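Each chain carries a letter (A, B, C and D) given by its place in the written order, and its residues are counted from 1.
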Amino acid sequence: QDKPAPFDKPGAVKIALVRYLSTGDFFQAYLSGVEAQAKALGVDLRVLDSRQDAALQADMVDQAIALGVQGIIIQHGLTESMKEAAQRAIDAGIKVVAFDVNVENPKIPQIEQSDRDLARLALEQAIKDNGESWKAGYVYVAGIAPLDRRNETWVDFKKKYAGINEAAMFGTLDNPIANSVANQARSVLSANPDIKVMFAPYDEFAKGVKIAVDEAGFNKDIKIYSADISTSDIAAMREPDSAWAATAATNPAVVGQVSVRALAQLLAGEDPGHNVIVPPTLITQKDLIDKDIKNMEDLSAKLPQFAHADVAMPAWMPNPNAK
Amino acid sequence: MGNDAVFRVDGLRKSFGHIEVLGGVSLDLHAGEVTVLMGANGAGKSTLVKIISGVYERGGGTMQLVGQDFAPQEFLPNTPAEAIRAGVVTVHQNINDGVVADLDVATNLTLDRLSGSGAPTLFNPGRVRREAKAVADRMGLAIDLKARISDLSLADRQMVAIARAMAHQPKVLILDEPTSSLSSAEADRLFALLDRLREHGVAILYISHRMSDIRRLADRVVSMRDGVISGVFDRKPLDYEGAVNAMLGRKIHLDRIVARNSAKPVLTVDGLRIAEGAKPIFLTLGDGEVVAITGLVGVGKTALAETLFGVRKPLSGTMVLNGKPYAPESTGEAIAAGVFLVAKDRADSGIVGDFNIQENISLPFHKRMSRLGVLKRRIERAAARRQIQELGIVCRSEKDEMSALSGGNQQKVMVARWMSQAARLFILDEPFQGVDISARRDIAAKLRASANGRATLLFVTELDEALETADRILVMSEQTIVGEHRNADIDLERLLAEVAGGPLHSAA
Amino acid sequence: MSSGWVRMAAARDHAIRYGFIVLLFGLIGYFAIAADGFVSPQSAVFIFQSVAITGVLALGVTATLVVGGFDLSIGSVATSAMMAAAYVMVVLEQNAVVAVVACLLIGAAVGLINGWLIVYMRVPDLLATLGMMFLLVGLQRIPTEGRSIATGMTMPDGSVANGTFGAGFLALGRHRFDFFIPNLIPVSVVVLLVLAVLIWFFLEYTRFGRMMYAVGSNERAAELAGAPVKAYKIWAYVISGVFASIGGILLAARLGRGDIASGNNLLLDAVAAALIGYAVLGAAKPNAFGTAVGAVFVGVLLQGLTMMNAPYYTQDFIKGVVLVVALVFTFALSGRGKR
Amino acid sequence: MSSGWVRMAAARDHAIRYGFIVLLFGLIGYFAIAADGFVSPQSAVFIFQSVAITGVLALGVTATLVVGGFDLSIGSVATSAMMAAAYVMVVLEQNAVVAVVACLLIGAAVGLINGWLIVYMRVPDLLATLGMMFLLVGLQRIPTEGRSIATGMTMPDGSVANGTFGAGFLALGRHRFDFFIPNLIPVSVVVLLVLAVLIWFFLEYTRFGRMMYAVGSNERAAELAGAPVKAYKIWAYVISGVFASIGGILLAARLGRGDIASGNNLLLDAVAAALIGYAVLGAAKPNAFGTAVGAVFVGVLLQGLTMMNAPYYTQDFIKGVVLVVALVFTFALSGRGKR
């Protein structure tokens, strides 16, 4: 299929991915999605990794400008530090998209995995499984943007369903996160053995909670709802009598692909729209067992809505998943 | 005699960088003999000892252990452990290299057994204490075995290190200035022990700058100069003067001191009490006067020195310096008032190891050598060079690291530090520790020559040092001053009685 | 001296010796009243379990503190061992024994390299182990290009890794021994206790341990007394490395996968435990018993606070305050203290 | 001695003195060839900017290293200062000057407390500052219950904080001075350079700095030479605290908010820079020039690797390897080296 300029000449386009977060499976999968789509499009990708240094990330945008790239993907970061940097890129005539960081710029499409939707899907499943009133434990660390957004949904749900009783809120980002959260969750479970539902809207949290629930021997009495997914999460959910009931997730690789595609559309003179939302998928324990899903590949193969999002997908766009 | 050598050093060489320190040293040690090694500061004595004991690598030459029951064997220790195992045991010059401050006396006394390969794996505190007690008893050491070394005086630490070395039943025992911080009573105990070891056929190499030690112990004297043996004296009676001349390469002559009087008082001490239950001290020091205070170890000499220097507070009493009340709150105030102290135990309280000679000398006088807080290095360097010249410090340049100096030269740097500026009251606490005879006389002469314009107060345990240096000699006992003598017509008997805290003390 | 003075000094000595222990029991008493369910065998076991991994690391770092060194690489050694265990079982499809041996070898090797750098290359301890820390944090991610290791994962080359964590290996994290109550004591707690007793005995009651203290206090004197100082120092780092790798094994067994993590928090918590140990029984020096008590102390504090619903940041705060206060207490009173 | 031997010794001396600098230039040369766009004024400025904050912290910790101490709290002082700046401006709605003063006071206060603990309470340095670190990590989150501080945030009590970061304050992070090229040099780089020159001059050329080295080498000797040793030690921690708070101010100005997740790596990176400084010019001791070079070295390395598209984990790995190799080189050859 013919691609529009400037993608008609392979290697003519240079783009940069400017990252805030990189450590962990989500970010690795996101990067692989970006790489796959960039390869499919035949563009030259530079990865600039600020390793959670927000100030450095802003500088890296300038560095990308100096490198003469035509497009920039900003992956995570802080509004305050990235807003002006993004504007500088626009001023330099560079096309920019931003994933999961609001740079408050009408010219910059916002790619989102919609954290509110993620939390909503998981919580709706919790209501479906457990009714409208239960005692809950909640894992949350304030100050982390996606967790803050997921928290908003939790707050809304608590308002909406008066029967939800939040007995304990805990959480930590001390690494290894799962290990530290497991320790906390154990303490919480000793203090509140009657908790029925654990809402852990980040899979590292959920893994920790699951370890604690198993160690306390409560795995048949408690259900865990979370967000995000990885191969090891699938294994944990599939264990016999696993307390981990459901998770809502977008495929980070798909989000990566969408990020590149939206940028490509901008470069080709098309408009991907200001909010490019990658819809989340609810994944339940039952799905995994019934469909015999063992890893992320199976998940993509057997839940097509997870494998591919028809977002930012004009006809000329090569699909990196196509074999 | 030469045929029963048990240890033989032949043509030993050593260089640091491109400076040759040992230029082919040959030496025999004989069973049942004390060989005294004499040499000026920096002659290379400690370096030789460190090679023999496996601390330094040799640069050339051979060493041999010879025994009646075995063929001569090459002796090439790569580590101190190997030397000890072969029966060559050393007490090094730096006392802090001999003991582990954080551990108790018992463990320190048995340290080498604990690290020996034959030792039982388990550490049984009871057994260790029993072994330690045996070691201590042989030396007649009366130290609490449970005490931590860091709570002991330097003399006690030295005794612990010596006791441990003795306990090895060594074939060859090397002692590098073991008495430099011992009192005469402790030194006597040491000598008695060395006599016993000598009878048992141990070959002993003894290094000292103290003629009294040397006279007491020597069977043979070997002189060393500039890294080579410059004389061997084994014909009785031993020719000590010849040995000293051989080690110095010239004759030294002793000028008799002409004791001076002073009219202008610089410091007046009135009823100072430095310890609970001690009698008050009264003292006047005059301009141009050199006063020595002597006394046994532990009688409060250092305590008095530190009180004068503002390190400690007196329990009661007043001081007047230059006609003004003087009550220093800190060492800084004392220095500002012109009171300087050359502290004893240079390694702990004098030398800044990371600094070179120049920086060590200028240390207390930064304020005078700087403008707006910025140091004037040219002035600093000039002062250092002047002192190196004046005191004859053996070094390559004023930029040398302190660790590259011999012990005696390190001590000279400490004296040089405080001589580099004019003092009103100049206190020196054991300033001759480890300094060779000629250097000691040089320093004493410098002190006397520059004495005008200040009062000089010397704390020495060795009476000889006081006699060589001072106009007036005071005796301390039980934290107070018990006697006073003009260094012209001294009643030595009375003085020694005072030192020993004898009848005079009870009469006072 | 008046007898009043003597009595005061004795009281002060007691305060120094037992102050920290009293504080610990006071804390336990407080939580027992304030937090439901704090007092139970399970809760006690759990406190031990929660500090088992950092405790093991802390015991290792104690060995390096004893010889006057420091090991900043322990956190990364633990996470490297965890990744290695997962890699060996999941990617290389080997069994649990191979995985454990591989981890221990890694720990020993890192310890040897650290020791060699410090002893023979004369690199200062903090520097050498900091460099090692960065190196390992990077190295452990290279084989999987930064992915966590779990059964079924896709490798960088696109193949799928199908090995699994052996049951024996997982049992290290999950099996519980009966002790009066069935299924009470997890393996990790047993490991902690055994290692604590071992290293305590080693340091206090063998000549090697004593010599390590001598080396830490005065290296030169120990050497001149004939001790193989270099060997002792290297051994200390090997102990530290091996203990850290045991911590990593426990971590892998508990998590059931190889998780991307820097291990910085493991490092800090372990160091905190070892340093708190200085204050226990007025030792004012690194010691294994103190380290173990320090680890338990932190565990009690965090368990109690979490049960009382204190948010994580107040836990950090209180941990800091208690640390500072406890230590001021010990060191200011004892009047010793010097690293 | 033969002249050949002398020449060899001289060569070794040169290797020690200039080895690290040569390595740095070699690295720059390599990246200049291997990575497009590495050589440009912008790139150079960028390298400095990327290490400005850690560099400032590293300079501060150098002061404590000089007096023979250590400060583990610098990272948390920086983040506390950042949070404080944001709190003062956003929640208390004060201006930039108040915010800056508040930060500096916090830094000085923490330094004083650290110094007091170490000097008067005789708590070992690592211990005191580790406790302080935990304490601050918790404390800085208490006022907002762990939330980041940004204009329009909801406070725990439900009110909305409406203050903004003053333009003057933001300029600290964003303004660039002209230097041949317009808008070239950011404020943070200027701050770094000015502080580096200041502390370098202070340590090398003033009597206060000289005495700090003396204190670090032999405390008792310094005291007997008339130095107020306690005051010097406390000052060192105050310098460290104030520098860390300046780092925090720069961080807040760059970010434009008080972000709880930022600043995690500051401590380790700053310590790495300060320790690399030991190797520069063969100093084998803490020194300000070395620290600055160390910081730039890390900046060059990471920038070059980033430009060559090396993934983040290989960057850590290479950082560790280079650190270790560079230091072996210096310390093994120089034959000094002892903390």
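As a convention for this text, a contact is a pair of C-beta atoms (placed from the backbone, for glycine too) under 8 Å apart; a residue touches a chain by one contact, two chains touch by 3 or more.
On a predicted model such as this, the values are computed, not experimentally measured, just so you know.
A-C versus B-C: which interface comes out with more C-beta contact pairs?
More C-beta contacts join the chains of A-C.
What chain is the most remote from chain D, judged by the mean position of CA atoms in each chain?
B
Please work out the Cα centroid separation of chain A and chain D, and write it as a whole number of Å.
A distance of 34 Å separates the two centres.
Report the inter-centroid distance (CA atoms only) between chain B and chain D in whole Å.
Centre separation, chain B to chain D: 44 Å.
Would you pick out the residues of chain A that each touch at least 2 other chains?
Where chain A meets two or more other chains at a single residue, that happens at 22-23, 141.
Give me the residues of chain D that touch two or more other chains.
Residues 141, 145-146, 264, 311-312, 315 of chain D each touch two or more of the other chains.
Return the residues of chain B touching two or more other chains; collapse runs of consecutive numbers into ranges.
Nothing qualifies.
Can you name the residues of chain B that touch chain C in the complex?
53, 55, 79-81, 83-85, 90, 92, 96-103, 107, 111-112, 114-116, 119-124, 164
Which residues of chain C touch chain D once you look at their complex with the stated criterion?
Touch list, chain C to chain D: 70, 117, 120-128, 130-139, 141-142, 145-146, 264, 268, 271-272, 275, 278, 311-321, 323-324, 327-328, 331-332, 335-339.
Residue numbers of chain C touching chain A in their complex, please.
Result: residues 35-38, 40, 42-43, 46, 49-50, 53, 79, 82, 145-148, 150-154, 160, 174, 186, 251, 254-257, 259-266, 269, 302-303, 306-309, 311-312 of chain C touch chain A.
Once bound in the complex, which stretches of chain A touch chain D?
22-23, 46-49, 51-56, 58-60, 62-63, 66-68, 78-81, 83-84, 141-144, 148, 173
For chain B, which residues count as touching chain D in their complex?
15, 17-18, 20, 309, 311, 330-332, 334-336, 341, 343, 348-355, 359, 363-364, 366-367, 369-370, 373-375, 417
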